[in-house]
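Below are structures written as structure tokens.
The same subunit A turns up in both complexes below, where it pairs with subunit B and then with subunit C.
Let's turn to the complex of A and B:
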């Protein structure tokens, strides 16, 4: 199993956010987690990403249990703009040394190539504070390029298209397809229609993960 | 400047009273100096000081203390009211923003505005603005008074003030430019801090700590460099300004002394000119610092009142 959660409980202060969650995801499997706001889906994603320490239970991601090692196995694309106030290049490499070829491949797969070519400073263009100099769709595609460049075996998606209009979301979906190809994916959302390519979908309500459902049943 | 006038409009009554008491205070000072010069002239020709003169001096001393106290009280009061209006304006601006605009707000910048800019503006309104106005009134009234007493001596001894004025304009421009750079750097740093906090999960997952830490250190260093340069420049320019402000006094001693020896003017008059020279050249000496602080204040105020974007 690529991801294995066994009776995972997470409490924040007095409040139990996740209650005895069991989840197993096979290698290259695409799993969708459906839930409304406040249901704990983002918390679950952060646990899988190695950002939160669980209160009880076991969480194994790519055979790793310590948070530092888990984080090395995952790449995330968040709902909101998550760009650093730096160049496109810095946002993709995050300061790690990377070959130009690897960066170009990430740019291409994220459908950014033609846009970057049109910029006077190309990939070294500044994205502005909070990505203010680029559109929402471009910002998300830069975030996708960053995830592609990391080349982690597990991709975590936190409603990556929910803040975009339909037209922009379509373009971002293409980039997401390239990102998730051949990877293990956990996609959390409150919109079932965005989980069209998932192998199975779970329902997270009140901190509990309910029976696996097929897409048709939902 | 428009923003300052806009802010003052609501509290014009307090401001008018503060200005009136400032004028009263300077008139008392001038009259006190006049009385002293009369007494010096009397003593020089061997006439005793009368009890009436002593009573007048005592009354002037009390009046001077009261007017000073009144000025401090009223200027503090007016400053506090202006600060209150400013804080209310800021709160109102936040409450009436559209949701889309609030979403676009940079938390770091907003906090910076609340913590740094509003505090700086408040401190300036309470502690500096009325002192600057008071200095201006002191300068104007004293110079007119000196012109009335002896126009030739007043013009001659204060001619270098024109040179000082040009220097003041130049030095305040230099200081202002550095102040603006410092403010810009500080703003950048606040925005960057906001990013660090907002994107904390992304930074951890993509191991971007080193990249951001280096940029953060660079930004802190840039800010520090600008601040050091600003302080050094200010110190250099202010010292020269202090030297320049001594020239009118030297001229006064030279010209005034000669006129006294020739018997054209009394020693009391020269004493009064020397005593009041601080109100003219002394005010000028402090002007670069005053103007730099005023410009910094106006810059902060404009940003708070949203009249211009950034600097």
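Let's turn to the complex of A and C:
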């Protein structure tokens, strides 16, 4: 199993956010987790990403249990992308030395090429804090390029298109297709239609993960 | 700067109170100098005449005058402190109100570090400009002190007045060339680096998840460190210039003192001056020097803090930002 969650419980102070969650995801499997706002979807994703320490249970990702090792195995695209107030290049490489070829491939796969070519300073253009100098779709595609460049075996998606209009969302979906090809994917969302390419879908309600549903049943 | 200040007062109010306090604070240094000079002159004359009663009365008058002056000064500074607290609150509220009511486009154009700098550092610089030591209050006080001391020294002995000026003017010129002209640009740089530093710092918080997941701790820390070093360097450049200027002060101060002592000796020998009058003259000369130093330092600080005033004015819309 690439991801294995066994009776995972997570609490914020007294409040139980996740209650004895069991989840297993095979290598290259695409799993969707459906749930309403405040249901604990993002918390679950952050646990799989190694950002939160669980209160009880076991979380094994790519055979690793310690948070630092887990973080190395995953790449994340969130609903509200955080960009560094630096250049597009810095946002893709995150300061790691990467070949131009690797960066170009990430840019191309994230559908950023034509936009970057139109910028006077190209990939070295400043994106501004909170992505103030780029649109939501562009920011999202920079985040996708960053995830592609990391080349992690597990991709975690947290409603990456929910804040975008239909046309922009389409372009981002194309970029996401390139990102998730041949990878293990966990996609959390409240919109079932965005889970069209998932192999199976789980339902997260009140901190519990219910019924494993096949795509066709949904 | 005066226009900018009047716009700030227009927004915050309290201009008449500020002027009243400034005028009340003005006479202290000049009055203290006069009291000191009178006491020294009176005491040495009493000693040379061997008149104990005259000396005793002089001491009592001086003690009472000093006590009253310090009580007066303390009361004015207390009122100033109360005024400064109220003014600070109102000013910060005004800047905060301007920032939260700004068009979102403008808000997005600048970094969080810049907004934080405008809300904290720039607002504080404006407050310092109006209320802190070595700013407008001390500049005004020093001008009054210099004028009164110069007039009294001129009345006692015009020659000593001319000698004093001969050593004060070069100091003013050196300060102007070394510090005063350069300080605005250096301060602007310092504020820009402070903004960058704060932005890097807030990135560590706002992008904490990305920093962890993409192993970018060193990368972001390097950027933070770099901006930190640039900020310190800019501040150091200001301090170095101030330090070099401070080196000049004893040079002119001591040489002037020696020249006046030698001149005083000649004048006393020729019965053109008494020892008591010489001590009073030295007291006035000291006040002129101190006043000049205070004025120079205050003008430098005013110029530095005016950078904050200008930037803050852009924030609340008095002037269009870049």
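Just a few scattered comments:
Operating definition for what follows: the second predicted complex is superposed on the first by the 218 of 218 C-alpha atoms of A that agree within 3 Å, B and C clash if a C-alpha of one lies under 4 Å from a C-alpha of the other, contacts with A are read in each partner's own complex, and residues count from 1 in each chain.
Note that a residue touches a chain if its C-beta (ideal position, glycine included) is under 8 Å from a C-beta of that chain, and two chains touch if they have at least 3 such contacts.
For clarity, every value in this text was computed on a predicted model and none was experimentally measured.
Applying the stated clash criterion after superposition on subunit A shows that subunit B and subunit C collide.
Of the two partner chains placed around the shared chain by superposition, neither subunit B nor subunit C is touched by A:120. By the touch criterion stated above, A:13 is placed in contact with neither subunit B nor subunit C.
Contacts of A:74 after superposition on the shared chain: both subunit B and subunit C are touched.
Touch criterion met: A:128 reaches subunit C, while subunit B stays clear of it. Overlaid on A, the two complexes show subunit B and subunit C touching the same residues of subunit A, namely 46, 49-51, 71-72, 74-76, 78, 82, 84-86, 90, 94-96, 129-130, 132, 146, 150.
Subunit A meets subunit C in the complex at residues 46, 49-51, 71-72, 74-76, 78, 82-86, 90, 94-96, 128-130, 132, 146, 150.
Interface residues of subunit B, counted against subunit A in their complex, comprise 104, 106, 191-192, 195, 198-199, 201-202, 204-208, 210-212, 214-215.
Across the complex, subunit B is touched by residues 46, 49-51, 71-72, 74-76, 78, 82, 84-86, 90, 94-96, 129-130, 132, 146, 150 of subunit A.
Considering their complex, residues 108-109, 111-112, 199-200, 202-203, 206-207, 209-210, 212-216, 218-220, 222-223 of subunit C touch subunit A.
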